[in-house]
């Protein structure tokens, strides 16, 4: 039988084998989604959707989940995870707000204004920034940025102003959103630059011929033409930002607090926790069934939001189809 | 033809090796432990000594993660023994056996630049429950500004012992920063001039932080041994059901052997002192 | 017509020889601001990248001694005595090897099937979508999936089992399997793009000579897309090396590589260990570490590895040199 396998294969057998391998990959991925959902089911079974709401201190609730024992009752699963969801939305939103304009401007710079040598330099630079591991970003954040913010930027009066609600240590929303923005910008720059380079030269030339200056011509023609690519870049970057766990665990402060914008500047110093970083935090305690279900419920929520993002991106791109560049 | 035969022979050899070596490995037994970060130094020393005593016939795998993580691991059979640094709670799963091995003291600690010598029970309660928020309200404090509370995550046994023994049974305020291990709590207190926290006496007295007396009694090994200090807690080795096999031998060795008791007496308090 | 003559209709760079750039003085001040903003953004990114590399290089050279690369880590209270990080380096190498060995055949098989066969077409679309899903899945999710999967009793042979019958679920093979999941999309995408770029006449020539489809794939197409596969593998390796979440959750985090039994290979695969990324994490203020110096040294080694891999990609991916993404995304 081994001899038969060592001889050249007929096409039908090859097709079936390769198809089986592909099916295996597909089944594994679908199995992963189903598996995560099954692990998360106890949380939905006992708490329905109310665990997405707010109420009480989420840190102590997570602690209670860890102590709930081997066969927790329905009340043993009590959780109100809104501060975590809010923290995720805040960091992702602010990081995206910082990164999207920067990425757009950088791409325009690379394509339009950069001298040739600088353009050759920036391509490896973008690739490098995109491939730096998140633990290195987290290390620089926690050893350089957090002490700087904690010692030099946070004043004693700011600390006392919130001292009855939360402690300010330098690790918080500002550092987290900033480092996250630096992490997601290269992805967007790469996609947008490649898209800008596929816009036919003639389109932009036409705009210049009509009297626009080069910048306006780029904005009016090229950037408008690649709007689907910008949407795709934003979707990809948001998905990356939502799922970032280790770096945020290191620099966001690890306190289940919902930062309040009304606090002014202190808003950016308040610590928070995101869904993904909570999963890393509970890594040691995943043996407890209640905490196990909670962590997988967070993972399921992240998956669901990634799906929704892709769907939203697809829907946003639909009306833009007619402007799509055929290069 | 001969190539296939060679492949088959190779498989057979690997298969035999795969069976033979575990048989030789059976002579050594493995004890897996996980749990408290406070008792980790003690258990590590005891394990090393026991391994020498048993002439390397016993291997240990010791992980940390906090007392609660140890309890969860031993409940589900992932480890043989859990290190726990708090008394059994009503929420603990039924069927666990707690074997005490040593006593230790829970100390309140502050930064070295803020050398408070003594705090009363009422002051400790007010500070750690968040009623007192500023160092100006604490007499004898050199620090000024907001009090930075440093505590442990809910998995910690030392936290539970601290709340029961020194905090009047009340929970530490949710304002406190939660560190995952004794080492990290000590680092945090060393780094922040306005901080206050709690450590087991081994880490509190080994330098770098200021250990605070409680109700006038200093937090030292001697005061813990004499029973005067209020915050005396136990280290336990916990098994699922009665201890069996290698784990049982290890625990009874800790209880009976002179070498073990002298290791315990070096930094902690033996049970019968 | 004449407006576009000499510039061509092809996409690409603007030719600098023709015409003069409009002077900045004729622009409105809003446009000048945006112009400055574009320069600032571009230079800012360069500065950030330079800053990261230079800072890590300074700290790394300050704390990295060559002996650290070959000595084993010791648990010690002071940083001077805690040895090097040979075990984390070995752990990284082992995980990368397992991940690539598992991912490579599957990715190439899938890419080949989708491009060359692909019947039924709905199945091909489903498989492509699932690989896109994996590419977009955060690694923390894959990590928790791996942990839960390998803690099933069915998977007991792949890791250690505790005294009470609970499966630990953390081992090299478990982490390696998850690493193969994250290395799969880059290799798949690169191979698929390479195969799609092969012109039809090559296949048709092979068929005309009487070769079967599978023989064409094996003897003509695969050798031709070797560069793409290599690019994909390098990108996958770079993703594996940089991943932390999977290592933290599924590898067991022991300082030394600890084999599960004394069986030569199986014991190692079922054992636990650490990698450079988990070593950096553990020695940082977020892990156990009072050892930022060791963290910097290890981070520097990690960065050098990533730089080398990037240089390799830039070299062999010459066909993708005009795009930044290449097979990245």
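Lettered A, B and C in written order, each chain numbered from 1.
Convention: contacts are C-beta pairs under 8 Å (C-beta built on N, C-alpha and C of every residue); 3 or more make two chains touch, one makes a residue touch a chain.
Given the structure is predicted, the values throughout are model-derived calculations rather than measurements.
Engineer: Measuring between Cα centroids, which chain is at the maximum distance from subunit A?
Structural biologist: Ranked by distance of C-alpha centres from subunit A, the top chain is B.
Engineer: Could you quickly compare A-B and A-C and let me know which has more C-beta contacts?
Structural biologist: If we tally the C-beta pairs in contact for A-B and A-C, the bigger total goes to A-C.
Engineer: Between subunit B and subunit C, what is the separation of their C-alpha centroids in Å?
Structural biologist: Taking the mean C-alpha position of each chain, the two centres sit 38 Å apart.
Engineer: Could you please state the distance in Å, as a whole number, between where the Cα atoms of subunit A are centred and where those of subunit B are centred?
Structural biologist: Their C-alpha centroids are separated by 36 Å.
Engineer: From the mean C-alpha coordinate of subunit A to that of subunit C, what's the distance rounded to whole Å?
Structural biologist: Going by mean C-alpha positions, subunit A sits 17 Å from subunit C.
Engineer: Do you know which subunit B residues sit against two or more other chains?
Structural biologist: Residues 73, 76, 78 of subunit B each touch two or more of the other chains.
Engineer: Can you tell me which residues of subunit C touch two or more of the remaining chains?
Structural biologist: Subunit C, residues with two or more chain partners: 285.
Engineer: Please give the residue numbers of subunit A that touch subunit C in the complex, ascending.
Structural biologist: For this pair, the touching residues of subunit A are 8-11, 14-15, 17-19, 21-26, 28-30, 32-33, 35-36, 39, 101-103, 105-106, 108-110, 112-114, 116, 118, 121-136, 138-140, 142-144, 182, 185-187, 189-191, 193-194, 197-202, 205-206, 209, 213-216, 219, 236, 239-240, 242-246, 249-250, 276, 279-280, 283, 286, 295-296, 299, 302-303, 306, 310, 327.
Engineer: Using the touch definition from the top, list the residues of subunit B that touch subunit A in their complex.
Structural biologist: It is residues 4, 7, 65-66, 68-69, 72-73, 75-76, 78, 89, 91-93, 130, 133-134, 145-149, 153-155, 171, 174-178, 180, 192 of subunit B that touch subunit A.
Engineer: Please output the residues of subunit B touching subunit C within their complex, sorted ascending.
Structural biologist: 17-18, 21-22, 24-25, 32, 61, 63, 73-74, 76-80, 181, 183-184, 187, 240, 244-245, 247
Engineer: Could you list, by residue number, the parts of subunit A that touch subunit B in their complex?
Structural biologist: Touch residues, subunit A against subunit B: 2-3, 57, 59-60, 62-64, 66-70, 156, 159-160, 163-167, 169, 254-255, 281, 284-285, 287-288.
Engineer: Spell out the residues on subunit C that touch subunit A in their complex, using ranges where they run on.
Structural biologist: 3-4, 7-12, 14, 16, 21-22, 26-27, 31, 34-35, 37-42, 44-46, 48-49, 52-53, 55-56, 105-106, 109-110, 112-114, 117, 119, 123-124, 126-127, 130-131, 133-134, 136-142, 144-145, 147-149, 181, 184, 212-215, 217, 238, 241-245, 248-249, 277, 280-281, 284-286, 292, 295-296, 299, 302-303, 306-307, 309-310, 313-314, 322-325, 328-329
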